[in-house]
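After this come two complexes, each holding chain A, first together with chain B and then together with chain C.
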Partner chain A sequence: MSTENTAHELALDHMTVRFGGLTALDDVSLRVPSGRIVGVIGPNGAGKTTLFNVICGFVTPAAGEITLDGRAWRPRPHQLNRLGIARTLQGVGQFGGLTVLENVQVGARGHRSKGEKASRERQSEKDALEALDKCGVADYAHRLPGALPYATRKRVELARALASRPRILMLDEPAGGLDPEEIRWLAELIKGAGTTVLLVEHHMDLVMSVCDEILVLDFGKPIALGTPAEISADDKVTEAYLGAAA
Partner chain B sequence: MTDLREKSVAPVVPEKVGRKRRIPPAVAILLGAALILILTYTLPPFRNYQLATVGAYFTVTAGLTVLTGLNGQLSLGHGALMATGAYTFALTQNRWLSMPLSVLAAIVVTTLAGVVIGLAAARLRGPYLAGLTLAVAVVVPSVTSTFDTTFNSDMGLSIALDPPPGTIPMERWQAWLCWAGALVTAFLLATLTRGRFGRDIRAVRDDETAARLAGVHVARTQVLAFVVSAACAGLAGALFAVLAQSVSPGAFPLTLSLFLVMAIVIGGLGRLVGALLGALLLVLLPALAQTAGERSGSQHLEGNLALVIFGVVLVVVMLAAPGGLASIRFTLRRK
Partner chain C sequence: MDRFVYLTFDGLSRGAVYAAFALALVLIWRAARIVNFAQGAMAVAAVYVAYSVTDATGSYWLGFVAAIVFGLLLGVAVEKTVMRFVDHSSPLNGVVVALGLVLIVQGVLGILFGNEYRPIETPFRRDAFEVGGIALLSRYDVFVFAAVGAVVVALTLLFTRTAVGLRMRAAAFAPDVSRLLGVPVGGMLTLGWALAAAVGSLAGMLVVPTELGLHPTAMDVVFVSAFTAAVVGGLDSPIGAVTGGLVVGLLLSYVSGYLGATVAPMAVLFLLVAVLLGRPGGLFSHSKARLA
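Up next, the complex of A and B:
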């Protein structure tokens, strides 16, 4: 691993999660250095989303430890926003009764950096509009999300994550249901986000083109960890995806 | 993380298109106050009394519509919370003879009751929450007969009210008091639900997981919403005590709680205008039923007719305007 000596923003050590008799994550370790884009891939049911749920505090691990900025950390979902961690959900988890702007404002809690004087509400609106603009959906600010096309709603979802000005962005299948054009746009956005990114994705081209490092899971077990080039050449990865060669 | 901030130095803030222009709450409240003042000087005493009742109902329906409409928590126990407020008002008023103090006490005690129920409610969803609040609605009135030395059982308590100042007739005074309470409540609720709190409670209603990830403390938001609406119910209870100049368990039956929920649904869930229309119906429909019952000459009809009319109105409104009366738009620009 090339990242041994850098400061790790987020690290998982020997993480194990069990649901009854099923071991969803089996001794998974992952170091996410600051500013890197780390992908998590694997066949369906490999434990990718479970890994995200552990980091977000939705699932309590049976064993293992999470550290944030080098300190042991027990995640709680509602505290992530304040700690600068934003996560998008698979599909679109939107508030149907709120306008697009309000949807994004829920994520923009109006945290001010020093020197900014706007009221929290103004700050929240400003952050939200900026994020919507960045995602190219500012025109829909006062529409309800339910009536918008799927790809647009995915962008709103991204905007909500970005509006909290996160330092760690966790994207759970952001390319799901998008066309190639949209995926190219998404790749640019991820590369230009300027944050640490954790990416769970099935779209291999996207993962290979944006990630600095990739973790491959299969049935909850980590089977490979390395750069995109190393991962594409790995026999175990091919086996996990295509089945064992006869 | 610094990169993101640097990029946002010169943001392209897009033009605000299609934002709904709304009347500021303060303006609406002042207009409402002026209207009430004019009405109280022109209406005969009994109509003034009915007007006062609308105000008292509006106080509780406004709080309930925030809880049920905006935060998605169904409460079938708000009648019991009103009873809590009314009894607290009666006991403090008879002891200290100070109306402001008694109203305050009613709000505080009911708010505390709201904290307790709200804490339990935040752990429950849907039918289980309805069940819990239903239990509250059933239990609270029966407390009065258990501790009958304090609450005087089914007979209730009469309240020693101060006479209205000067030569103001009692009904006009009651209308002023009730609408002062109602308008202040509506103003506070409108202000509270405009900003972040309003967004958060609606976000929790629509998707708890997404709300949590966006930084909303779901349980705290739910408890707060319950407490706010309980405080409104407490004030409304005190206002009903002022109206009746007495309290008894019979004034706060289970059907009251059900009527309150029906009223906000018919009026339009989650909207203060809807809560106002619902409060109006809560006074008008029973009055209509009574008139109809008297005309028909049947005594059996009288008690149940209000329920029938309410049910029919509910069905008709839900068929014609599923968003409630407040969602109906009278526009001539129809294509």
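Up next, the complex of A and C:
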């Protein structure tokens, strides 16, 4: 019996994206099994963020297919939240005029467990506070994000993604600008998230320590796919990062 | 002193209407970054609807409700058929389209109802109560305060206490990020226009019977005052719009009371120019610079 395909929560098949003459993604396939942590790495301009933008429906591919739970799927940005997919943005993309709590609440859908009578607003506030607490920034709930340090805002960004209780978490360079201690915290959070995780990241130690599987892109082309151990031993990967051996 | 007290109450009562109208401008500015120059014409259209319904049924209140509902629908229609397609690369585009809309609405109203002034009734008497020999407020003024107050409270609750309000604010701040978080940004924009047009219609219903008389261009003068009120308040701030409305109302009342009614329109324009030169971000703009 083939459980191969149905076990993949999210799959990209032969995905190609062109911006004018530039091929940003060239025949990329990726399978993301449920509950796994899959990393996407590659030098700058390799197409990592484009890959995320395709999954989020911001970019329409020239060719290729996306399947969600084994079914063909055409992503639309505003449907992701309802489908249980949450994405953080590279850098921080918070609403400046909304408090931290309100920022996180926008994405919280207010899941009600059985028997609970709380209003949707109350429930989404509870979810938001829980997510802020999980990310260690509950103290800043009523502050405006613009006045907070960068690392704190990165945590708020994570909390906002977690508040919708997603089943697939897409993290776009979550470690950017964080110090080593914060990156260790982030690694623990990712491993303990209990969701499927798709991670785009430059920080190798983080990727190697948390990912079950890693896809390496170079100029839009997939050059390697494997476990962290396999990837670190792969010559093509070393070449892509360090340039051809002289 | 008596005169001053009277003028103050009169100014606050006018100011409440400007506040409501300025609030409608701010709602759209926040949601779409467009100053809706067609707001006045749209509001007059709603008052004509009220006039027709009241004429046919004999009930002021049926006409009142019809005006608000028509305002909601007109807001949806304007956003979905016209404003959605405005190219935002230059802020002038929205202004020009809105001005075009003014000409269309006023033209159509003229064709349908004629260009003469029509008297329109108020639901309450307009002669003022006297307290200690000073004429303070009429029943109609009390109605105006209550109606505007109810709108301000309702909008505040909507924006600060409900998920829809939060999503409307988020969609206005960052559409793409909001989409990722599941906010239907287009729908929020339509809702913003609908709410604003309904509030504008309410302001029209309150102000047209007082001194203007119903005419396709009846709200043009009010628009200038309300626009000034919104600019005084900073265009981005609902509290600013309400405060600005009261300031403009008081200014108009004092100037026409002490200096003569003919000077009043100039006083409003003077205030507009002074604010734009001195504090272009509005009187409530202290935290604005940091957001940019």
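One rule holds for everything that comes next: the second predicted complex is superposed on the first by the 235 of 246 C-alpha atoms of A that agree within 3 Å, B and C clash if a C-alpha of one lies under 4 Å from a C-alpha of the other, contacts with A are read in each partner's own complex, and residues count from 1 in each chain.
Please note the rule applied: contacts are C-beta pairs under 8 Å (C-beta built on N, C-alpha and C of every residue); 3 or more make two chains touch, one makes a residue touch a chain.
What you are looking at is a predicted structure, and each value in this text was computed from that prediction instead of being measured.
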{"item": "Joint occupancy of chain A by chain B and chain C, clash or fit", "value": "clash"}
{"item": "Which superposed partner A:219 touches (first chain B, second chain C, both, neither)", "value": "neither"}
{"item": "Touching partner for A:80 - first (chain B), second (chain C), both, neither", "value": "both"}
{"item": "First (chain B), second (chain C), both or neither touched by A:120", "value": "both"}
{"item": "Partner chain(s) touched by A:166 [first = chain B, second = chain C, both, neither]", "value": "first"}
{"item": "Chain B versus chain C as contact partner of A:194, first or second or both or neither", "value": "first"}
{"item": "Contacts of A:146 with chain B and chain C, given as first, second, both or neither", "value": "second"}
{"item": "Partner chain in contact with A:106 - chain B first, chain C second, else both or neither", "value": "both"}
{"item": "Chain A: partner with more touched residues, chain B or chain C", "value": "B"}
{"item": "Common ground on chain A, meaning residues reached by chain C in one complex and by chain B in the other", "value": "56, 58, 77-82, 86-87, 89, 93-98, 102-103, 105-107, 109-110, 120-121, 124, 160, 164"}
{"item": "Complex contacts: residues of chain C adjacent to chain A", "value": "161-163, 166-167, 169-170, 173-174, 176-185, 290-291"}
{"item": "Touching residues (chain side chain B, partner chain A) in the complex", "value": "1-5, 7-8, 11-14, 16-20, 195-196, 199-200, 202-203, 205-207, 209-218, 270"}
{"item": "Residues of chain A defined as touching chain B within the complex", "value": "56, 58, 77-82, 84, 86-87, 89, 93-98, 102-103, 105-107, 109-110, 113, 120-121, 124, 126-127, 129-130, 132-133, 138-139, 141-143, 160, 162, 164-167, 193-195"}
{"item": "In the complex with chain C, residue positions of chain A that touch it", "value": "56, 58, 77-82, 86-87, 89, 93-98, 102-103, 105-107, 109-110, 120-121, 124, 146, 160, 164"}
